[in-house]
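Once you scroll down, you'll see the structures, which are given as structure tokens.
Two complexes, one shared chain (chain A), two partners (chain B, chain C).
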Partner chain A sequence: MQPCSYQCGTKEHLHSRRTFLMGTAAGALGFAGMTTMASAQSLKSSQKRVLVINLAGGASQLETWDPKPGTDTGGPFRAIKTSVPGIHICELLAYTAKKMHRLALVRGLNTAEDDHGKGDYIMHTGRRKEPAFDYPHLGSVASKLLSPSESSLPGYLHITPSGGSSFGKQDAAFLGPRFASVTLANGQPPPNLFAPKNLSPDAEQQREQLRSQLNQRFQRSRRSAQTEAYTASFDQAEQFMKQAHIFDTGKEDPRLADRYGKHDFGRHCLMARRLLEHGATFVKVTHSNYDTHHENFDFHIEQLGEFDRSFATLIDDLVDRGLWSSTLVIVMSEFGRTPRINHLYGRDHWSKAWSVALGGCGIQAGAVTGKTNANGTAVTDREVHGGHLFHTYYRALGINPAKNLHTPDERPIPLADPKASAIKELLA
Partner chain B sequence: MFLVYFHLAFGLASLPEAQKLAEPVYPRIDTLIIKSMPKEQLTAVTASADSEIIRRLYLDLLGTIPSAQEARTFLNEKSTNKRNQLIDQLLARPEHARHMSHVVDVMLMDRRPDQRVPTAEWQAYLYTAFAENRPWDQLIREILSADGSDPKTRPAAKFLLDRDGEVNQITRDVSRLFFGRNLQCAQCHDHPLVNDYKQEHYYGLAAFFNRTSLFPNGEDKKAVLAEKAEGEVSFQDVFDKAKKVKTTKPRLISLTAINEPAFDKGKEYKVPPKKGEKPQPVFSRRAQLAPILTSKDNHAFARATVNRFWAMLMGRGLIHPLDLDNSENPPSHPAILDLLTKEFIAHHYNLRWLLREITMSQAYQRSSEVPVQLKEIDPTKWVVAPLKPLSPEQMAFAMMQATGLTDAERTALGTKCTEATLYAKLSPQVSPFVSTFGTRPGEPEGHSFLATLEQSLFLKNGSVLRDWLSIRNANLMDRLTRMKDEAQITDDLFLSILTRLPSQEERTEVIKMLQAAPAAQRHTTLSELTWSLLTSVEFRFNH
Partner chain C sequence: MGPFLPFTLKIDPTKTRLWKELKLGSPLIACRYDPTGKYLFATAQDSSIQRVNVLDASTTKLSGHQGWVRSMAFSKKDHLLVSADYHGVINLWNWQQPTPKPSNTIEAHDGWIRALAISSDGQTLASCGNDLKVKVWSLPDGRLLKTLEGHDYHVYNLAFHTKEDRLVSADLKGKIIDWNWHQASIIRELDAKVLHKYDKGFMADIGGVRCIAFNNAGTLLACGGITNVSNAFAGVGNPQVVLFDWSTGKIKQQLVPAVAFQGTAWGVAFHPDGFIVGAGGGNGGQIWYWKPDQPNSFHTVSHGVSFRDMTLHPQGAQLGVACSDGVLRQYSLLALVSKIKA
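Moving on, here comes the complex of A and B:
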């Protein structure tokens, strides 16, 4: 396989165009239009959740949420009407356009960081990278603050297109590995989720019973927060193992499953729904790869062709299940793409004026904030950066962004950058 | 025994002084601890059982648990002095040096991924140092003085090289590890919570390293440390509205600035900076630090060291947290800390002496069981022994010993078995434990105990433990499946894994389980029993 030539060659972009196209070809056979499910049960819960769709590599704002048709930077695509009068988005998002009344747009984002890793850091932490200090990811904070104590699923789940499933450590920073991401590579469960094959349920029960007897005896005179935490981690493992069926998407009605598209991203969105409806707190789905330095337009047709239908279906399913109003939905990248079209019909890294889409919990549906100029080269109204987004996320979730987290040495760290504030007009 | 060992280490010392130094300190530790204890607690103090203390000593001094045979021998030993004898035996074993090489690696490197010096070479360097009981001050001088250019001393330069020779990383960790003061917060302003920590302390220390950099560059895996002859630190308080820019010469916390010779222009360098050549100043700021840091006048260094190793054995520091030594956070027992600091210096920074004195104290050797009459336990009084979670390395080696992998490898090695050949066989098994149970790379260990889902799934369903529970020549399963008598099996099982015999209640239970299972399933039953013991709280902690 040849490395993909349209990308900028960093390690973020090791996907080949061929695997990418194979996925798309299979995905062409969707099952359109089905939005209600007879079997769908409306879930009611006070628990708040977060769903992030991460369009990795940097999706173009001009081919998504802030089109500039007919200008020198606009490219070949039209802007189309949406379900909200007055809001137009790119025609590549035809299905999503019909769900616009559930979403809100931030069109005045200036994150001032054109490096993949550093841009990604800003979008995941709401802070710029500092030399000797790491901030936790939104997913880790959500895991800490929103996960019910009896939750049977890890708090921060990340569905990636490829790689190996694993337990993370770094992204929780000072919050500790308990709140770090668990990677579900290609939707596969994390390591060691299933009991050893040659261990019978009876034997499992017997060994657990003896373990717990030993623990009770030892803890009669030697109980501490640490011994409790250790025994609790086994209970958590047991609970999680009972939920392992979530990873078996084979149980889904194929016609309903196919509405998501018969491609990896569609399956991953379906998995996200399954996780959220079984009580997951934070699910991130990464769709790759939007780093279109070359043939930007062809690649956005293909990539957004996957994203559009899957995302619209996911919105429908979350609404049907009663999860939408308690789930904050964020569609983001590490940055946008240059208005200027380069000589390879590509667009390059661009963070000065780009967009994210929000929806669900605490978000004013149908709202738009921020404006860029006619050809999208600058923000002209209501410019915001990563700090503002994080204030908005926390407010939408009912969390005070000024609240402090504490490092192990008791240093107070405010949830969101104290120099920024929430984008009030986006809050419901 | 102690005198012999003492003379080996300091053959040149004059006898009267040597006799004075040979006087044990641990009785004085105990007097001071007892003095600080409230009366109702004093009556509750209980000494550990032999089975408790042998497991504790093995884990603390060797990083693993004793074999069933070693435990049996100790439990049957009648000598009243057997605990002190055991301590001296353990401190002399090569496994002790190995354990210390792990402990000090993690202490100094925080499980950072390798940059320029491979961990294996660094650990081998530490192993050699601990095997010969190199004085701690000498070891730290070597570590802070090596520049990486001499292949023979390059491993010692890992501390500086793998911190990228970067002034802020080094300043933070030198202050934290060798002064017991985390000055990181004083980088941008005087410490907001600790009045003693000033910005000039941070920059005084930083000034030893601000001229240092990697040569030829950071990308080169063989890079060495280079230094310029010019450049001053400058700092301003981020809260200072006047934005006054300050500077300082290199100086240790609490000491005056060092004398820095002045040079005529053009005479500052032995090798002047030139493209492709490593510059060498006539006067190296970095070289000044190690000797004055480790000098006898700088008590902060010995004090921080004593406090760290006290915490390793006693579960928490006399000053707690370890890197927050300041006037508003006094030690729980100032007199003990002063005594040990003074004696540690007098004993020429002899780490084995320090570990020996602490482990021989009654305070160390208490039972970890909380007496029923006590509702609350003040951890600073050491009324009961603390529960210390096993480090990833201790856990791996203890589980290998418990399941008999250690014995199986020893048998397989036969006459070629030494500590080093056995370690070479076993050490590759440690890495899954480090990645599963260790803290985030680059983060100091021991801030908090972690019990994660990843860990419990690893223990419940992972293949590592599962493999160790299959039958292999001379391992635990092999030994137990050959035994017929259920009572004997039960005793061996408990002794091998928990270093104690089962209670009557436990013995009855386990015998019943063994008898209930068909003979053909004996191995399955035994492996599940073993699993239950291995994953119990009792095994997870050093108690």
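Moving on, here comes the complex of A and C:
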């Protein structure tokens, strides 16, 4: 193992971190609301963040961003006007349609991968899966490049609809476990994060000091990426423990919270907002499930009925808190769904012509790029794939996509696929 | 005096055979015979309704809907066809006209209309849909009489009782409401929750009452759909028709195919001869015949194409089936029986 420095440590990040800590300290003294807003206002100018809404299973592009009403593939739903003249989306996104002037659409996506796992990999890494090499998730890269050096929150947070909390070190690939994803199952903090109630603060402090001393002694002789990650995770957990209030949504004004909807996804979007406004770098919210081989239309009514209002509210709140222009927002799936409607009123996997929606940091609001044919079976203009998306993401965040990351054996790996380029018309 | 024929025709469901196939084009959604049995109407994913002459298979397209039409209902009075679509629109037609045009159009519901029913006297229409409402209209003027609110989930189906002035509606979760629609009040609720499941893995609801019918005597109510769902997004489950004793409101029988089949029961009807016929789709299509007191079908007819709706001819000699391949299929229940005694 080679000793290495994993921290960005720029002055800009340090400034952000310092300001943020001042904010939370003041919050503890009773100015929580004001300070949170102040922190958010300050953060907006310096810290860039990413919010991914992952519609797991493969949401239908025809029932979302690229409707084809009146065609053999169009299905039963209408297209509706949006806040951007000339852009129509599916009627199932009535709330989101009113926020279209903040979003941009990529309608010419061809990822050429109809397998769930492989499609998911492309959409998280911008690369096709290779037999002997793993690329890091966007979340892990964002964690490495965008997280303030002393962030109190893990750099890559994933709010899942169910399951247990986990630590996805495979998501970080060669970047190492320090940039792994941390799952907040059902929007809850990891279990055992907080100290047991029967452990006094003094005892906790003594315990932590002992651990720290032993750790430092060990590191003096055997410092490695693994030990650093281990140390960092403890340091971060210590900071994380002080942020318990983030998870206490009971402090939210019920009327404001209810705008997100009284369901799990609404609660998860609210949690995403709270994490972002408290300095989280990368938050992914997964909404499940869109793998609608059967009864595609009934299921999209149900699922998008949750997504639409919650997402539109989240946009409003990020704007109101001054976070929108510094937060890159991505709404994606692992692929789209077949234009052809099958015998079960379902749609199957389809990666040849589908859509994602973007917004926020560095994105040209109201833009649409790419076009599909009349019944949505093929891209007819400005076809792009996952590599193009990742160039665009990095450009939007002010990161050079040609920048190299390095594996532990110093092999340079470009951030984004060198064979692709940014979708410039989407960049602000 | 005609020639002596040594055979006669008799309805025998065990002799059911594919009688006619007519390719209409777009995948079909629903089908209904008119009350005289002269025409078979089918709706399709191109939002059309097509009228098919049962004898000569000539077709007439009825244009007027912009959305998918899931439901049709008929009244002999004024030759009235009522159709409803997924954009919330109800159209009224005279089905006998050479090329029927909508005589009245009603913006009836917010969102999908999933079912229609007309009372036996032909004077009242009921509709229901995704706005959670059941609406009652007078015919033929289409005047709104009552709006019934009592469902918390999408209302999938409804039916007027055949003898009493009662209306039942049924929703996604299998809640069935027995309405005094005149007073917009709930008389009682029946429970067909076996036809619903919240799939925790898929995190979505699946099921609902997909078909409904009263028997002619008004003593039985049949509700069909899907049950035993193990995989919602692939539609892995089994069709079932829940048979209620109307007097008690209790389940009398749960009717299932005798032969294992994955799919949904999309159509159910009571045959004048006393048996129950159902049809459904999934991995292919099936028609099932049940006796009311036996859970397993006594005869099953299979086809390779998924069935999406079924209608029984007024004389009970034929079935119409709307198929996912855009073909309207008719099955005959008639069998040749020898008049000569052995």
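Basically, the second predicted complex is superposed on the first by the 351 of 428 C-alpha atoms of A that agree within 3 Å, B and C clash if a C-alpha of one lies under 4 Å from a C-alpha of the other, contacts with A are read in each partner's own complex, and residues count from 1 in each chain.
As a convention for this text, a contact is a pair of C-beta atoms (placed from the backbone, for glycine too) under 8 Å apart; a residue touches a chain by one contact, two chains touch by 3 or more.
This is a predicted model, so every value here is computed, not measured.
In the superposed model, A:162 lies in contact with chain C only, and not with chain B. After overlaying the two complexes on the shared chain, residue contacts for A:203 are found with chain B alone; chain C is out of touch.
By the document's definition of touching, of the two partners only chain B reaches A:236; chain C does not.
Contact with chain C, but none with chain B, is seen for A:57 once the two complexes are overlaid on the shared chain.
Shared-chain residue A:213: touches chain B; no touch with chain C. Of the two partner chains, neither chain B nor chain C is touched by A:378. The wider contact with chain A, measured as residues touched, comes from B rather than the other of chain B and chain C. By the touch criterion defined above, A:289 lies against chain C but remains apart from chain B after alignment on the C-alpha atoms of chain A.
Across the complex, chain B meets chain A through its residues 168-169, 172, 182, 184-185, 187, 193, 321, 323-324, 368-370, 372, 387, 389, 436, 439-441, 443, 447-463, 466, 503, 506, 509, 513, 524-525, 528-529, 531-533, 535-538, 540-541, 543.
Interface residues of chain A, counted against chain C in their complex, comprise 57, 70, 72, 76-78, 161-162, 288-289, 291-295, 299, 301-303, 341-344, 346.
Touching chain B in their complex are the following residues of chain A: 131-132, 154, 167, 169-170, 172-174, 176-178, 182, 190-196, 199, 203, 206-208, 210-211, 213-215, 217-219, 221-222, 224, 226-227, 229-234, 236-237, 240-241, 408-411.
In the complex of the two chains, the chain C residues touching chain A come out as 26-27, 45-47, 66-68, 86-87, 112, 130, 154, 200-206, 232-235, 281-282, 305-306, 324-325.
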